[in-house]
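Take this structure, written in structure tokens, and hold onto it; I'll ask about it next.
Chain IDs A, B and C follow the sequence of writing; residue 1 opens each chain.
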Amino acid sequence: MGQITLSKVTKRFGDVSVIPPLDLRIEDGEFVVFVGPSGCGKSTLLRLIAGLEDVSDGQIAIDGKDATGVPPAKRGLAMVFQSYALYPHMTVRKNIAFPLRMAGLSPAEQEKKVMAAAQVLNLTSYLDRRPGQLSGGQRQRVAIGRAIVREPQAFLFDEPLSNLDAALRVNMRLEISELHASLKTTMIYVTHDQVEAMTMADKIVVLNAGRVEQVGSPLHLYQNPQNTFVAGFIGSPKMNLITGAEAAKHSATTIGIRPEHIATSTTEGLWKGTVGVSEHLGSDTFFRVNNTGLGETIMVRAGGEVAIRHGETIYLTPDPKKIHRFDDKGQRL
Amino acid sequence: MSTQASRSAARVMLSPAVISLLIWMIVPLVLTLWFSFQRYNLMYPERAGFVGFYNYTTFVASPDFIQAIVNTLLLVLGVLAITVIGGILLALLIDQPIWGQGYVRILVIAPFFIMPPVAALVWKNMFMNPTNGLFAEAFKALGLQPFDFLGVAPLISIIIIVAWQWLPFATLILLTALQSLSSEELEAAEMDGAPAHKRFWFIILPHLSRAITVVILIQTIFLLGVLVEILVTTNGGPGTASTTLTFLVYKQSILNSDVGKAAAGGVVAVILANIVAVFLMRAIGKNLDA
Amino acid sequence: MARAVTTRRKTLTTVAAWGIALLIFFPILWMILTSFKSEETAVLSPPVWFWFDWTTENYATVMERANYFRFFMNSVIIAVGSTALGLVIAIPAAWSMAFVPGAKTKDLLMWMLSTKMMPGVAVLVPIYLIFIKLKLLDTHFGLIVVIMLINLPIIVWMLYTYFKEIPGEILEAARMDGATLRSEILYVLLPMAVPGIASTVLLNIILAWNEAFWTITLTTVNAAPLTKFISSFSSPQGLFYAKLSAASTMAIAPILIMGWFSQKQLVRGLTFGAVK
């Protein structure tokens, strides 16, 4: 149904290669998240899949059929834009009905499907309003409704939550995940927020400067990052990456240890340092440790409330089973 | 979005505009160029032939030509001076807190929307007519002899008429530019102790400089082509006292049947316009991302 | 400025501004007043200002002559016709430049604007001869095409600036929703661009109505608009001052009113973005 394959897909803008040859396979029904820093090409990749941009080279296949030259309208995909891109001069009802109108459905059929989508998304009381009269979250839902109603092979989401405030973002995240659970349609989701990626994805594609750094399930990426980029990108706060003598002790150029895998003690431990800035969230405490002789400030996370003060001496012991080792090219050892 | 499909669609969608403008530009200009090198008189069509630059030399050598160039320069510079300086002052005045600013704007804008024949005739008949024009009445009331504006000072009269028509344009543009000047800059200068005239020279005028440039260049292009106002009032006279280059070429085109000479004149007019256009294009090109 | 201005200063500047404004508007005012005078009153010396017997006989006389109506209608036909034709050509062009820009788009736009700077006199003879040959002289069609061509750069330019204000993503959404190019423009772009199109239409009608070079040189009787009609009275015979004033007032009234509403469009359309 919604199986998408990218073979050697390349994108150049003039002389600049934005996406070097890329291979990717997305299975039907998967929730795939493209994640990466700004400018890594994730939105470009999404637009290539949507057909809004031409590939410079390579092939895109949807359900085994070559879709590389097919115009966006005919690919059977639906897209939710970052700015929602609702038609401001049409009511919510007409917005959602638009794709059906383009497909030539009768007004009666249009109304039926619009109502169905509106019910799923709690939009029934807003059907006669214009987008300008809706809140951000409501507009989001209209954009999703417009996509659902097309019954596409796959949904494409382009950073849909970045324009919402934090609380709304958490709610919408859940709603989208639930939508996926009920529709079981393939969803490709682009975001720069690795928390969204970790919580929503079946499969995460980490991108950096157009290259796929790693593909895998959230847990797999967390536990087995293939290179220092993925190691530092996934997980918040970032994994501590240490080079130099300490790394050499583990026969690696760089070692990594996550803040949550470091035990602390005021009396004894492997590394000694002074406490710098600390953040007390109640549920966790994050603090930075300086002067460890390791060349880096170490970020440590402890559960619960820890009574530790700026300038105090502290001892850190990393869990030896959770130390990641990387070679001089940043690849996992 | 740029796919091959959308790019080819774009090319198709552009073509009517591009093709029609291309034809409109090229065909007549090429013909004019062709005629200018021909000896072609509609009254003696059998005596046609290539004559090189003959038309150009006769056109440029005729005494009318020098007069026309001088008149053109006087007209353009005269109108520019009146409209730019007047426009700045008017814009500054209208920008002040006054009651009924909207209505003032409407009154000041009006002359620009009057079609040239009407504007010219109003001034000719109602004001400048030495028998019963208002100016004549005013002079008589002061015990002076009425002044025959269009007969004695034709070019100046036309400058007045054209300046009256274009002052609103300059004012509107400069007022728009003035209103985009943030009041904070002016207030800061005031706090720094700058008096009003210094604020004008060092803050307001530089801010307006781009608008002034645009006004000058755009107006020049249109002023070079002024025709109806002359046609309807003085017909270029007396003699050639109010004949501009454009009017000269027009007269040659319509009144004489010497197509070759008229064409040569036309080419000269194009060259003149192009010189101005180059400067205008550069000024516009700098901010064509609108 | 948030500072309070003294009432005295405000009064002085108001008086000055209104004074100058009325001075500038005076010729128009005088013409309108004259149109309501009888011919004798119009040429009274010293002139009368407001206190005379107002009459509408001039308007009646001018309108009775079937000619006037024809000239008026010709102005309407040319203004509306050239605007409509211009829109048909310009909307697709502006769409491409705004939504599928290329490296050459800016140059193309500049070139289009430069065609407006070609002096009419330079091409008067060839155009005139071509028109005679193609039997287009003194026809509505010929004049509509010419007026459309000279204003096309401005129409394209204005539509371009308005289209650029529309987020391209909305058109992309339409494409994803299955819209063809025609549907995209008809059902999404144009409804959103209505204010911009209205502004463009307004400005173009004004420019076409007031155009006084080609409308005079390329017409004689049939397609002659008001510009030609009025300019034929450069020697005062046939119509006298009061009636000429009435004819003139009717000729300028629609445009004067439209002009008052289109100040912003004027700035946008005729300064090509250099002034904001």
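Following the convention adopted for this analysis, a residue touches a chain if its C-beta (ideal position, glycine included) is under 8 Å from a C-beta of that chain, and two chains touch if they have at least 3 such contacts.
Fair warning: this is a prediction, and the values are worked out from it, not measured in the lab.
Taking the mean of all protein C-alpha atoms as the reference point, the chain centroid lying nearest to it belongs to C. Between the chain pairs A-B and B-C, more C-beta pairs are in contact across B-C.
Subunit A and subunit C have Cα centroids separated by 54 Å. In terms of their C-alpha centroids, the spacing between subunit A and subunit B amounts to 60 Å. Chain centres here are Cα means. That of subunit B falls 16 Å from that of subunit C. Taken residue by residue, subunit A touches two or more other chains at 52, 71, whereas all remaining positions touch fewer. Among the residues of subunit C, those in touch with two or more other chains are 172, 175. Annotation for subunit B: residues touching 2 or more other chains are 1-2.
On subunit B, the positions that touch subunit A within their shared complex are 1-5.
Residues of subunit A touching subunit B in their complex: 47, 51-54, 69, 71. Listing the residues of subunit A that touch subunit C in their complex gives 50, 52, 71-74, 77-79, 81-83, 85-89, 98-99, 102-103, 146, 150.
Against subunit C, the residues of subunit B that register as touching in their complex are 1-2, 6-7, 9-14, 16-18, 20-21, 24-25, 27-29, 31-32, 35, 90, 93-94, 96-101, 103-127, 132, 134, 137, 140-141, 164, 167-169, 172-173, 176-177, 180, 183, 186-187, 210-211, 213-215, 218, 221, 224-225, 227-228, 231-233, 235, 246, 249-250, 253-254, 259, 262-263, 265-267, 269-270, 272-274, 276-277, 280-281, 283-290.
Those residues of subunit C that touch subunit A in the complex are listed here as 167, 169-170, 172-180, 183, 187-188, 191-192.
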